[in-house]
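We just call them A, B, C, D and E in the order they show up, numbering each chain from 1.
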C-alpha cells in the first residue's frame, strides 16, 4: 500500500516537472546569464560578473520608473477589481432586461485587437485631454487624457474589462443564495451585501483577477508607450525596450537582469495574494442552493 | 405587529410553490407552519421576509401593504433552514452583524452577544469560524443571529432540526419565553409537531402549496377538518378505517369489517350525513385503541408488526384487511403473531367523507 | 515635449528634441545631447547680438526602435505635442512633409547653403537625401556605410598572401572581385577545410536596408526621381534572389539562418570564424566593446572591410547610406511658432566638433567636409578607412511608399532563400504584389 | 430657469428619487462604471475603427485629411495572393495553441497543482506565470537561445547534437511548432489562474462526498471538478480564441512573420503600425481588423451555442431590488 | 462487514473532538450515535469514512486496519449532515453518481434510481437541480444517493432531520427494512431518540468526545449508567431529586424534601451503598409520576408550569425547592397554581451517586 501511495503522489509531480521543463531551463539560463559575460548553451563563457546587477542598482531612473509602474499596476488592479466586481454582481444575481445581451456584448468587444484600436482610442484620449482638470489636472496619475498615467490606466482597464466581468460573474454564481438572503434580512442594502458579504466569498476570483491585472499592468508596454510621451514619466517596460530595440548588439546580460528585476515584485505580489486570497471559507451552510 | 397574508401566490417557472394562502398572525402571536417536505413553507417565509416577490397577493404588516418594501426595511429576523452563516466571519461577528449595521455601541454588542450566546449554550464558541462548528452549533449561531436583533417579526425555518432532544426542549422554552416577553410576532416552520403544538398560538397546515387549516393547536388535534390533517397531525398517525354508519336499535353505530365490528358512537360524535349516504371513513387515534381481554374486546386480530418506540411499543394489527396501529402500555408485552383483543375509545372518534376527505363532524 | 513659455526677466525658451533609436547611455546619445552644447553656444551668440535670452534644452534620447518611435512621433504630432526637433532617418521626409508634421528648411540647396556656414559645410550629395518635392526638409547629422567584412586570418590560411588580402578592398572597389567571386572564394575555403560549412558568408539575420545593396549591385533601380515613382527591375531582382538562394545551396550560408538572434550573430562573426559578413560600420564599435576579447586591436588584426561587391564584373562595389537627419516640426505638430529659432539651433548642432564627437563615439561616418580633416575624426582609424565609401553610396528614396516596396522585396527574398519558391517565381510574386499594393506608384522594368 | 427645470426633470427620470419606489435600479448603479468605460474606450473606438476602415487614412493623410474610399481596402485585402493562406494559417495557429496550451495545458496544470502539496502547487503555478510576466523580448530571446544552432543553442547543443540530430537553428526549421510553443507557454497561465481559483472555490463537503461515493481522484476530476468549470471553460475558450486571433507580439518578435508565420493579426499590425519606414496604413489595418472581428464573432456565437450560454446564465433567486 | 474503532482520537488544532473511542459494530448491525450537539458524532463518522485521518487509534473493517485506505477504497455510503449534493447535477445524476463510477448499465441505473427515489417520495423531482429543491427534498436526494449504492457500510448523519414526522416514520421503516434485508452494517447519527431506540441494535452515547455507553437501546433506557445518560435519554428528561436512603422499619425507604416525602423502594432497586453514605440522587422518569388524589398521594405541591405537548400536558411542580415534571393524562386538566397530589411508581426508580454521577444500581 505504501508504494502505491508514493506512486500516486509522485506521478503528478513528475508530470508537471516534465511539462514545465522548458520554462525551468529557460529561466535558469536567464538567471545565469545575468551573472556571466557570455553563454554557450547552459555554459557561462568569460567569467562571472556583477556588472549587470550593479547597473540596475545604480540607475536612479529605473527606480523611479518602478514607482510609476507600481502606480500603473496598482491603479489598474484596483480599478478593474472594483469595476468588474460591481458589474458582475447584477449580471449574476439580479433580474433586468438586457442582462444576457450585456454579457455577450462585453465579451465580443474583446474580439477587437487592441493594437488597431489604438488609433481610435487616440482620438478619444486627445478629446479628453482637452477637458479641464479631468484631462490634465490630477495629481499622481496626471489626469485621464492623452499623455497621462490616468489615461493609460483607463485604457488598460477597458482592455481587461471583458475578462474581469466574465470571471467575476462566474464566481458570484457559486455563492449561496441563502447567504445573500440572510444579509438582506439582517439589514444590508444590496450594495452592502455585495461589499461585505459576497465579495469575501469570491476571494479566489479576486485573487485570480488581481494577479492577472497586476501582472498585466506591471508589464504593459504598448499602451503606455503609445500614449505616454516622456520616458522619464513612463514605466519599466519602456525602459526595457530602451535596452533591446533597434539593430544594435543587445546586451542580453543587462536585459536579463532588468527582466528579472522586473519579475521580482510580481512574484512577491503573487505569493502575497496566494496566501491571503486563496484561502477560502467553508462551513456555515447546508444544502445545495 | 400584526402580519397578514392575503391570497399569496408564488410560482416558479415550472411549479406553483404557494397557492392562494391567506392568514393573519396577531401581534405577539406565534404561528407554526406544519406540512410535508416541499409543501411551500420556506417559500412562504421568504415571501414574508421580502426576499421573494409574491407572484400575486399581498403581505400586510399592521395593515400596511409591504410587498414593495425591501427586506432591510421590514425589520425582521430569520433563521434559515440552511443556517446561511457568513463563512468569513467568526460566530461572534455573525451574531452581532445586524447590530453593526445599526451602528450600536461596541460594548452593547458584546453584552448582547454574550447574553444570547450563553442562553443558547454557545458562549464558548464565539471565536470559532463556522467551518469549525458542528451542525448543531452552527444552527444555534444562526438562531442567535436572528434573536439578538429583537425585530418586529421573527421567522424561524426549522431552527432546531439539528439539535438533540434535550437541547431542543430547553431551546424551545427559551425561544417561547423570549418571544412572549418581548412580544415579537413570529412565524415558526417546523416538522416537529410537539414543537408546533407546544409553542404555537395557531398552527397552519400546508400541503402542496395550499393552506389546509389555520387553527389553534388543540383544535388541530381534536377537530381535524380533513383526513390529511388528521393523519398528518399526531404520531403515530391516526388509523383511518372504512366503515358504515347506521342507526341500530336507535343507537348511532359504526360498522366495520363487513359487520364483524360494531361500535357505538357517542351523541356528540354523530356524523352529519346528507341523504342516504352511509359509507364513511372512521378515524381513530392509536392512543384511543387499547389492548383488551378478548371477552370485552371490540375487535380481535393477529399482530402483524411490533416495534419498540422507547418506553412503548407500536403494535400493528390487521382487521379484515384494514391496518390498525396502536401503542401498548409499558407493562404489556405483545409479540408478533399474537392474537389480541382491542378496545376502541369512541369519545374522540372522527368521521370523514370518503370522497372529499372532509370531516363530517367539523366542517 | 517642452514648451516655450515666457516669463518676466530674460526671455526663456525651451527647445525640445527627440532622437529615435538612441538609448540615453548608448553610443548614439549625442544625437540628443549635442543640443545642450549647441544651445549654450547659441545663447552666448544671441546675447552678443543683444538679445537677452535663456535657452533650455529638453533633449530626449528615445531608445525605442524606429518603428515605435515613428508611431509615437506621428501620434504626438497629431496631438500637437511633438518636439521642436525630431531626429530620424532621411526616409521619413517624404511622409512627414506630406502629412505636415515638419517644415522645410529651405527651398533649394543653394538657399540652405547660404543660411548658415555650418550648412554650407555639409558634403553636397547628402542634401539629396533630404530633398523632397524640390525643397530641403532637414539637415543630415550622420551617415554610415554597410561594408562587407572579411576574415583575414582565414584568407591567409587559405593561402592568400598579405598583399592579396590588402588588395581585396581595392579589387572590390574596381569591380574585379564580384559576388560570384565571393561565393567561389567561400566555397574554396570550405573545400580546403579552412572554413566550417555554413560559415562562408553571413548576411544580417533580420530585415534591414542592407539587402537592397545586392539588388543595386546587380544593377537594380529603386526610384525614378523624374516621375517620383518607385521602380522594380525584374532581372536584377532575379539575380539578387538567385544569389541568396545560391549561398544556401552552395553551403556557405547555413540553412534556417534568418531569425538568428543578434546576440548569437555578433558573437559568431567575431569569434567563430565566418569568412565574409555584412554589417554596418556602427557595429565595429559594439564588437570592440562586447565581443572581441582583445578590443579594437583584435578586430583590426582579424578583419578587413570593403564595399559590398558588385554583381556585375567591372562595376564598382556599392553601399547604402541612410543619413540620420534633424527636422524642424511644424506649428501644427508642436503648437509653437519658433521654427526659425529651431533651425538656428540645428545649425549649431551641426558644428564640426559636435558632429565629430558623435561620429567617433558611435562609429558613424562624416557628413561635413570639415570633419574629414578634423584631427579627432582622423584619429579614428576605422572611420577614416571607410570614409571613401561615401563616394559609392546610394540612398533609399524619399518616397512615401518605399516602406511597402522594401517589405515586399525582403519577404520574398526570405522565402526564396528558404527554397519555398524559385527565384523566378519569387520575382513574379514580388512584382504582382507590388502592383497590387502600390498600383501606379511603381514602375516595372 | 427653464433649462435647469427640464434638466432636473430629465435627471429625476434617469435617477428616480428614493421615495418614489419606482422599479429599483440598483443594477444600473452597479453597471454604470463598466458601461461608461466600455462605451468610451471600447464601443466608440470600435465604431471609429470600422469607419476608419472605409477611408484611406495613413501617415500620409494624417488623421484629418483623409477621404472616404468605401470598400476599397477590403477589395485590396481580398486581392492579395496569400490572403487565404494567411487565413488558414491563423485558424491553424489559433486551434493548436488553444487546444494544446491555453485550455488543455492550463487544465492539466491547474488540476495537478491543486492535487499536490500546497507549496509545490504554488511553486509550479508561479513558474508558469513567469512567461506571462516576462517582457516579450526577453522571453522570445529565451526561445531563440533554446533553438539556436550550437554552440549557443540549449536544445541543439544539449540534446540534439549529442544524439547526432540537427544542428541548425530550429526555428526556421519548425516555425509553426515554435510559434505555437512560445505562445502556448504564455497562454497557459491565463487558464491556469482561472481554473485554479475555480477549483479552489468548489465546496469542500462536495469534494469529500464524491470520494465517499467511490470516485477516484481522476473520476472526481472528470465528474465533479470539470463540470463545475463549465463557465470558466466557456470563458477561457472564448476569450482565448479571441485573444489568439488578435495576438501577434510573440510571433513578431520570434520570426517577424517570416517562414509563413504571418497570421492575420500580425499582418494587420505590420500594415497599420509596423512600418520600418514609418508609413502607417491605419485604414488598411482597420479593415483587416474588422474582418478578423467578424471571424471572432462567428467563433463566439458558436461557442455560446455549444456551451449553452443561456443555461449558464441562471435565473436569480432573489426577487427584490 | 464488522467495523471496529480502537482507541480512536481526533484532535483539531485547538480542540479534542473525539477521545479514545472504542466500539464494535457487528456484521449487519445498526449502531446509533446519540449525544448533545458538538459531542463529536460527525467527526467520528468522517473518520470512519476516511475523510479525516485519526490523530491516533485504529479503524478496522473485518479486522483489517483501514486507516490508510482512501474513502473510495472503503466501499461506504454516507448521508452528510450538510447533504453535500453536487450542485451541477440534477437530482437523478446525484443519485446515480456512484453507479456511473462503477460503470453500471444505463437501464439498471434508471431502474434503481426510480426505485429508490419512489421509495423516498422524490420520484417526480429527479430532473430538478438541488437549488430547486426544498430542504427536505434535498435531504432525501442525499439519502437516495447513499442507499442506491448498497455499500458494505452505511453512514448516516442525521439523515431525517429535515423531514416531517410522518415521512420520517415511514422513511425510518424503509431504511431499517433495507438495512436488514441487505445486511449492511450501518452507523446512524441522530438526535431523535425514538429513531435511535427503534432502529438501532446498539446505541452509543457520546459527550464531549467521550463514549459514555454502548449498549442495546432497552438497556440504555432502563439501566442508565450515569446521571448524564439518564437525563439525556427520554423526553421529557428524568427527574433527579436529592434524597436520603434509609431502612425504615426494615423497609428500604427513600426520604425526600427533608422528610416530607417517604417512598418505599422495591427490593430489586435497592442501591448499592458503600459504608455509611446515605445521600443519593433519586431518578424518576416523568412517565412514572402520576396525579393522585391528595389522600393517597406520595407528595403534594403547587403546579408551577403547564405546557401542552399535543395530547398530553407537561406539568411541573415544585416540591420543597426541587423541580418535578411529569405528564398529565389526556383527560385530566391541570392548571397553573393548582395544588396537586402525586404518586411515584417506584418500580423503575434509579439511584445515583451524588458525587460521581454513577449509577448505584448498574455499575
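We take it that a contact is a pair of C-beta atoms (placed from the backbone, for glycine too) under 8 Å apart; a residue touches a chain by one contact, two chains touch by 3 or more.
Worth saying up front: this structure is predicted, and the values here are computed from it rather than measured.
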| item | value |
| --- | --- |
| Intersection of the contact lists for chain A and chain C | D |
| D-E against A-E, pair bridged by the larger set of C-beta contacts | D-E |
| Whole-Å gap separating chain B and chain C, where each centre is the average of the chain's CA atoms | 94 |
| Centroid distance [mean C-alpha coordinates] between chain D and chain A, Å | 14 |
| Inter-centroid spacing, chain E versus chain C (mean Cα positions, whole Å) | 94 |
| Distance from the mean Cα position of chain B to that of chain A, given in whole angstrom | 56 |
| Sites on chain D at which at least two other chains make contact | 63, 141, 145, 152, 203, 205, 273, 315, 317-321 |
| Junction residues of chain B, two or more chains touched | 50-51, 70-71, 81-82, 132-133, 135 |
| Multi-partner residues of chain A (each touching 2 or more other chains) | 122, 174, 177, 181, 184, 241, 252, 282, 285-287, 289 |
| Interchain pairs in contact, sorted by label | A-B, A-C, A-D, A-E, B-D, B-E, C-D, D-E |
| Footprint of chain B on chain E - complex, ascending | 12, 15, 34-38, 41-43, 81-82, 121, 125, 132-137, 139-140, 157-158, 161-169, 191-194, 197-198, 217-218, 221, 231-232, 234-237, 285, 287, 307-311, 314, 330 |
| Contact footprint of chain E on chain A as seen in their complex | 1, 5, 174, 177, 285-289 |
| In the complex with chain D, residue positions of chain C that touch it | 66-67, 70-71, 74, 78, 88-89, 91-92, 95-96, 98-101, 198, 206-207, 254-261, 263-264, 267-268, 396, 400-404, 406-407, 411, 414-415, 418, 420, 429, 432-433, 436-437 |
| Of all residues in chain D, those that touch chain C in their complex | 59-65, 76, 79-81, 141, 144-145, 148-149, 152, 168-173, 254-260, 270, 273-280 |
| Touching residues (chain side chain E, partner chain A) in the complex | 68-69, 81-83, 85-87, 129-133, 135, 138 |
